[in-house]
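Note that chain A is present in both complexes that follow, paired respectively with chain B and with chain C.
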Partner chain A sequence: MKSFLSAFFLVGIGLVSNTVLAAEIKGDKEAITIAKERKARDEGWGTNEANVLMVLKNSQGREATRELNVKSLEVENDGDKALTVFESPRDVKGTAFLSFSHALEADEQWIFLPALKRVKRISSQSKSGPFVGSEFAFEDMTSYEVEKFSYSLLGEDEVNGEKCFVLKQVPEYDFSGYSYQKVWIDKAHYRVQKVEFYDRKESLLKILTLLDYKQFKDKYWRPMKSLMRNIQTNKSTSLITEEITFDTDLKESDFDKNSLKRVR
Partner chain B sequence: MNPEFSPTSFAIRSPFITIALVFLLTVLSVFGAQNLYFRGDYKVFFEPDNPQRLAFEEMQNIFNKSENVAFMVVPDDGQILKASTLKLVVELTEEAWQLPLSTRVESISNYQNTYDDGGDLIVEDLITASTLDEGNIYSVKDVLSDSPEVYGRLVSREWDVTIIDTTIQLPDGDQTQQVIEIATAAKEIKRKFEDLYPGHKIYLNGMVVMNDAFAVAAQEDAETLVPLMFLLIFIAISIIVRSLWAAIFTLGIVIVSVAITIGLTGWLGVYLSTATVNAPTMITTLAVADCIHIIVGVKYYLGKGLSNKDAIQKSIEVNRKPIFITSITTAIGFIMLNFSAVPVLAHLGNMTALGVMLACVFSLTMLPSLLTIRPLKSTTAINHTIFLRWASMINRHHRLLLPVSFLVIIAISLFATNNQLNDVAVKYFDERSSFRQAVEVNEDKLGGMSNIDFVVYTDKSYGITDPQFLNQIETFAQWLRDREEVNHVLTFTDTLKRLNKNMNNDNEEFSVIPSDGDLASQYLLLYEMSLPFGLDLGNQIDIDKSALRVIALIDNLGSRDITALEREAKAYFTSLSSDYRIEAASPPLMFAHIGERNMKNMVWGSVLALILISILILFALKSIKLGGVSMITNLLPAAIGFGVWGMISGEINMALSVVISMTMGIIVDDTVHFLTKYQVAKSKKLTVKESVAYAFETVGMALTTTTFVLAIGFAVLASSSFVLNAHMGMLTIIIILAALLVDFIFLPALLIWLGDAKTVEKES
Partner chain C sequence: MIKKVALSSLSLVMVSTASAFEITGSAGAELRYYLQDALYTEQERTYGSLFLSPEIYSEFNEGQDTLIFKPFYRFDEHDKERSHGDIRELQWAHYQDNWETKIGVGKVFWGQTESIHLVDIINQTDSVESVDGEAKLGQPMLNFSYFSNYGNFSAFVMPYFRERTFQSVEGRLRPPLAISDAIYESSSEQSNLDYALRWQSSIGDWEVGLSYFSGTTREPELITSISQDGNVSINPYYAQINQLGIDLLKVSGAWLLKLESIYREGQSEDFTALVTGFEYTQEGILGSRYGIGYLLEYQYDERDNNFFAIGQNDIMLGLRIMANDIAGTETLFGFIQDLDNESTYSAYIEASSRLSANWRWKLDGYFFSSNDEEDPFFFLRRDDHIQFSLEYYF
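And then the complex of A and B:
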């Protein structure tokens, strides 16, 4: 479901398999080429593990924080797998969340509640709900797959000092909370610089800005900070990557429901 | 005052220059009108530092806003549990997202049903198109009746009404434009679905719709009442003075006074509202009274053979003082509305006070100019014999009339104790309003649509998942549910109990609050993760899980009952444990408190007005005895007015608490006119009875005329579909009629009795 890490960076995982699906992608050619290039530049990263700080702010500026540990596994031909463990607040420490994300169908998700000492599979079609009360919806955080959207090229623009393509992408998933998104992708490295999310009545809902990109393994770019502002409610959420490691010794078997009980 | 240098003589000598000056002033002022804007939201009734408004706004800052549009679906056959109605609900739930600024849509169809399925936790919309195809309607009924979050709130307990509730995030500041847009869109959706699904009625309800109703009420008043007013003035003037030109001149004065008032209001940056939209009506009535006094005088002197200029000069001379006193006392009365706790009533007071003074100035300057340019034809003098006959009747029966009228007045006044403060905002609209119709249906099917939101602060992150806290909330919610006036209680504890059951294989034994705080926190985390967009818990739980909102839906109670419920609920919660802080807030609570505070303020305002006016009268009459008499006769009409109100209605809203101040000037006007003439006669060595007769002969007609014209003006206001304005108009009519009767019966009888006593004293 929520391949949390790559998801939340919104920098897709370029999968080789992508080309297989290419025929099904709707939209104008130029835009699809850009979308595919965005994905291609981020393929083959394998696994990683990150410590993330989430800062929630309401319209009055009051804050609440959560700390998360996120392990991610790249999956070919499909969305990623992610294992998210809450480190804080204290009450939910140790709660673990495993998700297999899928492009066009409901994600699969399991949760382990330490207080209940039980793993539960959660069945829900919705990807549009807020992630732990933040301004990020689940669907904002899952891995980028080209086939999730249909595309059109709106033009070019400069954002964060980078020359960008501006794409309009319309979700293909029936239960998306958005009518469409506008995405700014820089020409230099095909990194997402900014995203505008439009709600079902096509009003601007949220703006995501991605900052402090760092390169890993000489190839993969990850933003160290993502800021999501809700324009309608004036609430915001920042995601700050405190630490990220690639090429961890994570295996496929670390991402199944039995592994959930083992996490601390 | 030397007439050579008075503005009036200038106006008569140089009529064109005067009119040009007035015209210039009007144009300059009217430019200010471009700064005017209209505010139709309910917050105009509350000062920014009103404590209940602050509490409500604080709550809105912590939780998501609760401004809403509710679509109430009522099937003709009284049964919502059927495919066509449920299909309507599914589609309308989707469509409601199209309302501008919508942030949340809740209905029985997108209610997040959770259950255990062989160890998996299922979270899904309760009703979808596919559920309907499968004919699972009866399982829908089972789930809903077992879901206290929605049962009794989004669906009636008799299954005959269901609600699709849309939360709207309005921007800060002036929201009227958005409110009208949203309401228009909602009406469009309503029409569309009523067409698509015959056999269903859809009513619109909610705070946004109420705000729209405020705006619509003001617009209707402005579009229908004001033209009606002008028409009635034309008729009244034609009947009284039988002259088209007199009617045109009067309207000229009215228009100039109103235009300058509105223009200056714009320059001062004050917005228009449902209350101030009636300022023109009030200014008009008083301006007309001024003009009629002068025009009647001019005709009287023309009839006596004076030249046009002399007749004008003479009429102004006689009327200048009473017109000035009337205007100043009326203005003082209206300025006292600044004591009101309701900002828009203060605006109304200031605008009317300004307009009344402008009308006074223009009737003494511009009107003479107009009359100079276009002289009136003389007609026969008005017959005053009827008033002389009345005077002799009083003179003959005063020994009987004084005690009888006094007893009647006391008896009527006692009914004033029937009156009760009762500010229920949803009932500010009468049955003609579609909003009020929706309110009635809601009341009938689901109980009232009023609410009190209780917020409990633990001041601790994740404090709300503490089992002690949750159990206290649970007990509190149960206490609320046991109250007869409470129709529904929305509390997170119900959700938590359901989750606990779901997570334990739907075992009913676990339908309790988890005894472990961490477990409650983890359930909350889990649940939040499974909710779709727009159905999050932000309306009940704050950002760091330290405060919880419990929403009680209650009957549309009057001020006293709702504040009592608030008080008792808070006391009960504190009696359980004082570890947590509880606050209550909601728009109905704001309205409930405002009536009380406004009444308190207005009593002081009226006392101050009375003192100021009494000082004025003392100066004007230069007599302590007559000053005292006027004080008594000035108080009685209000007492009678509220007594009559106690008999016919008994419901006092915030607008009625300002009527005393408003009518003060008009009441005083009657007394002053009468006493002035009485005094003039007395100074000519006439007896008491002769002086009373003289007073009746000279002012009887004027007082009757003014009362008649004012009654017409306020009758127009009384026909407003906006109850605040209608009641204000009605009570004002009752009071000014009472004032006329007091001055025509009680006052002369009292003067004769006092005169007799004095004579007897002297003789002894």
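And then the complex of A and C:
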């Protein structure tokens, strides 16, 4: 899985890689330019660490919560690395996910099971599966990379009081649970305001709304609340960022299998 | 003045100590019900038990040093050997970027397969605790690990040996006699100095591990002896062994391909054993949230059947059903068939789900069958059981 925050559709990759890979991105020119700008605006954020509250609601409105700590590291010319540790529910306390996102090759993921002291590799197929029983799929949690999709511009619209471009993006990676997504990107800062996810039968499955954007380091925007609603089941999951710190002294070595066993 | 400073610094220490210790853990109640009448007169049909497993944790030097203490105790109403305590962990760890040391009692897991753990050898199995062999006793050790671009290298020195736990005469899941005192090949007995080396690395889609162990075998052989006054006893014999192990995993889309193999010398015969297979995962079954994992593993062991090594030429079929719900409901069905003997097979079900943020239930069932008097399962043929546990996590 991935930093929920970079997850939240931000993140930058080196310009170099964008130019190198530019030829490979499919879609109409205008749409690709918007997608690249979205990515470019979030380049260079470095590292961050966040405490996140996940609130899961079933169709009867009953709630369950999970507390997560998410550490993220930007990787130039590739997808990001993220380490997510569960604080609650208590039976999974200390369970940790490590993920290396990649643009087109399969993401690499490991899970640490504290009771068994076992690190397990996770198969790429689990991508489309729900993340810890939530309405977010693993693939919704990975960092945004331009190369992951092909694009077309559907038009313009207003969402959350922001004028937005509306893009259709079709996953280019294997094992996606979606046929396509519609993404609302605001014109002011190229932030994602809303995403509609369409299942493999092309029916609307989920709607993600990103709220309370805050700016960090005078440049990078992060939503403090992300709400994912499943239209077909009427269940929902919110991710609430309770605390986020940038420029933490996280290093590459904090994101390997050994760090999984060290987490608390 | 000095007194005051001393007092306030003392209270400061106490405050920082108090806030630096984190106490978590679990406790629970379990009820085991055996489906058939016992084979042996001392045994019961129903066994209730309670366990407590707190975990006290502290870190200092900005997390570079950690201390953990994890005692465990289970009380069983009938089986006095299953009423047992253990120090699962009591360890000081020191972490640096590319190396770490751990001193004290700890737990280490090696390997990739599901149906049997051949390579995993550091910790002794707490076999009274769980039938699946996943529960382990704490192992006293000195451990040094070095992390490089060429993988992770670890060395272990183990100054004290832990005997495998066995049921008492009142317990089920045992041979006709309760297993009695251990016999050692090493004259130092439990104080034999064991050591182990391991290298593990992720190389693209591969997970690769190599390991070497030298010391007291974790898996005893059972010796039946008759004393001068005619009493028969079954004793576990712990030989000195050398063991070489390899474990591999390859990710290939929805497939995880797994292999573990060992070569062990020093017991009554030198032998090779191997387990290999796959796990195939499907998500969104029929448009639902459900995920299914299909498991198949083939087990091979050069030895003849022995009480603890039963995978001579066996195949395990497994089905893992993940509800992917808020409660984290998961069920694993397994079936292991001995390919040499049609009548020898076992099956299990392991299901669990969360009731609230702190409570979880588990339902496990284990079933054994054999008509072959030579087979270890012959002793267990009437020990089919289901168990229900309710666990509280704090």
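One rule holds in what follows: the second predicted complex is superposed on the first by the 248 of 264 C-alpha atoms of A that agree within 3 Å, B and C clash if a C-alpha of one lies under 4 Å from a C-alpha of the other, contacts with A are read in each partner's own complex, and residues count from 1 in each chain.
To be clear about the criterion, contacts are C-beta pairs under 8 Å (C-beta built on N, C-alpha and C of every residue); 3 or more make two chains touch, one makes a residue touch a chain.
Predicted model, so just to flag it, every value in this text is computed and none were measured.
Considered on the superposed chain A, chain B and chain C are sterically incompatible, since they clash. Of the two partner chains placed around the shared chain by superposition, chain C is the only one that A:108 touches, whereas chain B remains out of contact.
When both complexes are overlaid on chain A, the residue A:58 reaches chain B and chain C alike. Of the two partner chains, chain C is the only one touched by A:256; chain B is not.
Touch criterion met: A:86 reaches chain B, while chain C stays clear of it. Within the superposed three-chain model, A:133 lies in touch with chain B and with chain C [touch as defined at top]. Of the two partner chains placed around the shared chain by superposition, chain B and chain C are both touched by A:175.
When the two complexes are overlaid on their common chain A, residue A:124 makes contact with chain B and with chain C alike.
Listed for chain B are the stretches 131-139, 437-445 or 527-535, of which 527-535 clashes with chain C, judged after superposition on chain A. Chain A uses residues 56, 58, 64, 89-92, 116, 118, 121, 123-126, 128-130, 132-133, 175, 177, 199, 201 to touch chain B in one structure and chain C in the other. Looking at the complex, you find that chain B touches chain A at residues 61-62, 64, 97-103, 117, 119-124, 169, 461-462, 465, 503, 514, 516-519, 521-523, 525-526, 528-538, 541-545.
Within the complex formed with chain C, the chain A residues making contact are 56, 58, 64-65, 88-93, 106, 108, 116-119, 121, 123-130, 132-133, 174-175, 177, 199, 201, 251, 253, 256-258, 262, 264. Chain C contributes residues 24, 26, 57, 59, 63, 66, 93, 95, 97-98, 100, 107-109, 134, 145, 147, 152, 200, 202, 205, 207, 249, 251, 253-256, 279, 281-284, 287, 289, 291, 322-328, 354, 356-358, 360, 391, 393-394 to its touches with chain A in the complex.
Residue ranges of chain A in contact with chain B, taken from their complex: 56-60, 62-64, 86, 89-92, 95, 97, 109, 111, 113-116, 118, 120-126, 128-133, 137-138, 175, 177, 199-201, 203, 232-233, 235.
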